[in-house]
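These are the structures in question, set out in turn.
Consider the two complexes below, in which chain A is the common component and chain B and chain C are the respective partners.
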Partner chain A sequence: MQTTKAKSELNLFDRVLDLLSLKPLGAIGLVILVILPLVPPFNQEYLIRWLCAAALIAAASVSFDFTAGFINIVNFGYYAIVGLGGYTSAILVDRFGISPWIGIFVGALSAGLLGFFLGIVTLRLRGIFAAVMAWFMGLALMGLATKAVWLTRGSLGLRVERLFDSPSNLPYYYVILAMMLVTYVITKGVTRSDMGLAFKAIGQNMDAARTSGINPVYYRIVNFTLSCTLAGLLGGFYAHYYGILTPEMMHTSKTVEVLAVAYIGGRGSLWGGAVVAFPFIYAMEMVRSSLSNLPGLNLILYGLLLILVMIYYSGGFAAFFQQHFSKPKNIILYYLVNGKKTA
Partner chain B sequence: MKILETQELSKQFGGLIAVNKVSMHVKEGDIVGLIGPNGAGKTTFLNAVAGLNPPTGGRVLFLGEDTTGFTPEKMCHRGLSRSFQIPRPYPKMTALETVLTSAIFGNRLRKVKDPVAHSRKMLSFVEFPMAEETITESLNTLQLKRLDLARALASNPRLLFLDELAAGLTEGELGDIMTLIRKIRDQGITILMVEHIMQLIMSVCERLVCIQFGNKIAEGPTEEVARDPTVTEAYLGRQKKKECSPDTHAGAQVG
Partner chain C sequence: MITEYLKKLYETIRSVAGITVVLAIVVAILSSIFRGPYIIVNTVVTGGMLALMSIGLALVFGVMNVAQFAHGEYFMIGSLTAYYTFIPIERYLGANPNAALSFLAPLVSILAAFCMGALMGVLSEKLIFYNLRKRSRTNWVMNSFLLTVGISVLLVNGHQLIFGTELKGIVRYWTGRPFCIMDVFVSRDRCYAFILSVLVIGLFWLFMKATRTGRAIRAVSQDETGAQMVGIDLSGIQVLTMALSCGLAGIAGASLLFMFPSYPSVGLDPLYMSWFVIILAGMGNVLGAVVGAFMVALLKVLTMEYIGSGWDFVVPTALIMLILIFKPNGIFGSDVRGVLEQ
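Let's turn to the complex of A and B:
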């Protein structure tokens, strides 16, 4: 009763923000991201392409963190599931001529189905063992994509119909930005509910959670299914944006890239990874293009940053922000960071 | 009314029989102590009943229902709750969230209207000394024990298992715990407690069950069990008879 009353006192803007689980600062960031590709230094095609890549990694890190940061199982097969979504959609569009938009959703569903099984398979395993199980599942999927040449054309690569006819990257950018927002709103909404508490409980102490009446089977499967469905959705975008799929995209190093962004952003925060992804991918692309005589340097940088974060700030950027900037004195700043109090 | 009854309950780990055909019961409203030397199988017994480690033989009857081999979450929903010997906190959660898990998910069959208010009530009931936003990682053992107790109580149990709640406490803290245990009983919650500290057992328990090497060796009112020679023997070893010299005694045992 009390909370509903408190909510009705908010104005429309704050209520929408609350519904989207966004703070005013996050909304401003989103608006900046929307107008960024229209502003001169960023309106070149190759920079918009970078933005697309960053938004994709951002969305992936959010749905990756939904599993890793809450139920504490690092899904090392994450990008293989992204790949599954991509391949499913691409093959359906290629063979049956359906619209890519429908293909993306079917791909997401197929990835969700795999997530459901992955949840069941890893049920009896804890922590690192479940992670290894998921990793092997990913490797198996990649092997399947390489060997089933009749279906996927193997390492030759599968040409995929693109979402839009225009060569411009801009419409794609808005699609992936919307997907990022959807991913965030869904995962954040779920973790803000009672279910989020159950996720955290089974992730942090299985025995205590079980004696408190939480059924780990149910929550783990729900978590995996949702996370993988979102992964499949992103995979569909990947396929219909880049226009070509190779089994290489399912490689573990891709998952590690997402993992690095998610952890540097802040494990268990969801928004941290999304915020960090943009400057991070930009910096990495910069490194890659200016130091092209040193291939693989960006992977070394990932590793270094990850180690530094693990040692000095295990909570990542989100924890850093929470610690130093979450309680500003200024009322306007306070509102921007924390939003209106709802409860 | 018997709230809990075990019939020939056994738990075997490979070739090791940790609990061997233990039959006992707990009456509603009682405080029953489960005692025995280290490694006697007390905690294993509790785990077998509560479902963390399902039994390999025998039956468990809880509130008249056969609950043998039920999962801990099912037992929790039916009204059995437990605290842990070594508290198992959720390291990154706040104290309030920890209690909330149990208040929300432990009460599936008995709706709690306002879980947050309920959790706060539980925290003040166990006299949790810190702020409710404290991250559990930063708590000390005593604070964790109180928190764990609040978590166990938040699911509104009918029967509560306390696994060495008083272990490692000072004299003064012991008094507080005694008062707390009685306070819990006065809420209408039956208690089965594993304990080593005789002072606590003698003052709060009405009945005792003693286990040694997985076998029940005594059961009955506190005074009676405490005076039982087999129980003293289990704890302190056999009393040497005066006429036996150590050599003949050893010889007799070998023979």
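Let's turn to the complex of A and C:
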């Protein structure tokens, strides 16, 4: 009763923000991302292409963190599930001529179904065993995509109809940005509720959680299904944006890329990965294109950063931000970082 | 006396492990009767090298509880070292032939690969795992696994940066006519590689069973605190274990250089295969890994024979997933499962 009353006292703007689980600073960041491709240095096609890639990684890291940071199971076959969503959508569009806009959602459903299955299968497994299981599932999927040539054209690559007719990257950017927001709002909304608490309890100590009346079966399956559904949605975008699918996209190294961003951003925070992805991918792209005589340097930095964060700062960027910037003295800054207080 | 042994043997055979092993042997014999003896020969030769890889993986699991994702990269380092040792020697031999040296040259390069692998193992333990262990031991298994993912990315791209992506391979180590075993022609390299792997595994087994250090390693794998209490130098053992494990991977990489030319991600396939082996055998079970290696090799050869190449990846993966679901601690069982479940 108290909280509903307190919430009704907020103005409309704050209420919308609260509904979207965004802080004012996050909203500002989002607005900046929306107008970024219209501002001169960034309005070139190749930079918008880079922005799309960054937003895809950002969205993927949010949905990856939903499993890894909460129920503490690293889904090592994450990009294989992304690939499954992409392939399902692409094949449906290719064979049955349905619109890519419907195909994306069917792809997401199929990925969600696999996530449901994976959740059931890994129920008896914990920690490293579950990660290995997901990893092997991903490898098997990749192997299938390579060998089922009659369906996927194998490593020749499957040509896919694109979402829009125009060659411009701008509409794609807004679609993936919206997908990123949807991914964040759904996962954050779920983890803000009691369910999020249950996820954390299971992740920290399964036996203690079970003793206090939490049914791990239900929560783990829900978590896997949701995370994989979102992965499939992103996979659909991937397919209809790049216009070509090869089994290589399901490779473990892609998962490692997402994993690195999610962990550098801060596990268990959801927003950390999304925030870090943009400057990080941009810096990597700069290193790659300006030092093209040193191939692989950007990935070396990737690995190094992952190792350093894992050893010395396991909370990642989110923990760093929480520690140093979450309690500013200035009232306006405080509002920007923390939003209006409810109750 | 004899009846007691027979009884014991009967009990072993009736266990899951026994049934699987007997089944594997029967399948191997049957398929080689129907399709020709090359199946058994291929299995044995592939299995020997796979055993070398998986022993290292199982050892690191058992002693340090590190799930090594970068094991294939030590394989890559081994093959790279062997390449850069063998090529100069071969060039020298081309100028002034010497029969003894040309027999020894491959062995020298394999030894160099072992040393290099061990050195990298020591470095990664000292620079990376030691620091994490010092700072936090909560959720150690998962965190160290992710660290090895970072190491893997680092080493693969380090290779690409320094040595480039082209294939660095050799045609053969030992010249001469191939051997003929059971009507199958097996090249000298494969034969010697198999003999070498048997030798190394034997030496390793002796080291673990007969020396004080080997006993200390086994003690640490059973109970860390207990081992520390009786005065075992824990950090020394951990460095040694890592060095041994990576060195063994290096030997495997070096002696298979004629099959797997060195390039940045060459270690991926051996990595997957050795993971299959340790999941099949039970994580941390070193002896089981040797038997498991031959079983996985058999599975691989059979899939290639009956279903076609390319599927030799999908079928074992599916089988390993079944094992993970129904018997997560492997067919030979493992003692470390409780630790790994964190």
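Remarks
Simple rule for what comes next: the second predicted complex is superposed on the first by the 343 of 343 C-alpha atoms of A that agree within 3 Å, B and C clash if a C-alpha of one lies under 4 Å from a C-alpha of the other, contacts with A are read in each partner's own complex, and residues count from 1 in each chain.
As a working rule, a residue touches a chain if its C-beta (ideal position, glycine included) is under 8 Å from a C-beta of that chain, and two chains touch if they have at least 3 such contacts.
Note that the structure is a prediction, hence the values are computed from the model and not measured.
By the touch criterion defined above, A:Pro167 lies against neither chain B nor chain C after alignment on the C-alpha atoms of chain A.
Using the contact criterion defined above for the overlaid structures, shared-chain residue A:Asp194 touches chain B, although it does not reach chain C. Once the two complexes are laid over each other on the shared chain, residue contacts for A:Pro40 go to neither chain B nor chain C. Of the two partner chains placed by the overlay, only chain C lies in contact with A:Gly143; chain B stays clear of it. Within the superposed three-chain model, A:Leu297 lies in touch with chain C and out of touch with chain B [touch as defined at top]. After overlaying the two complexes on the shared chain, residue contacts for A:Arg126 are found with chain C alone; chain B is out of touch. Within the superposed three-chain model, A:Met310 lies in touch with chain C and out of touch with chain B [touch as defined at top]. More residues of chain A lie in touch with C than with the remaining chain of the pair chain B and chain C. Once both structures are placed on chain A, no chain A residue is touched by chain B and, in the other complex, by chain C. Residues 72, 74, 121, 124-129, 131-133, 136-137, 139-140, 143-144, 146-147, 253, 256, 259-260, 263, 294-297, 299-300, 302-304, 306-307, 310-312, 314 of chain A are the ones touching chain C in the complex. Residue ranges of chain C in contact with chain A, taken from their complex: 67, 128, 131-132, 135-136, 139, 141-143, 145-147, 149-154, 156-158, 160-161, 165, 264, 272, 275, 279, 310-311, 313-314, 317-318, 320-321, 324-325, 328, 340-342. Taken together, the chain B residues at the contact with chain A in this complex read 50, 52, 71-73, 75-77, 81-82, 84, 88-93, 97, 100-102, 104-108, 148, 151-152, 154-155. On the side of chain A, the complex with chain B involves touching residues 194, 197-198, 200-201, 204-205, 207-216, 268.
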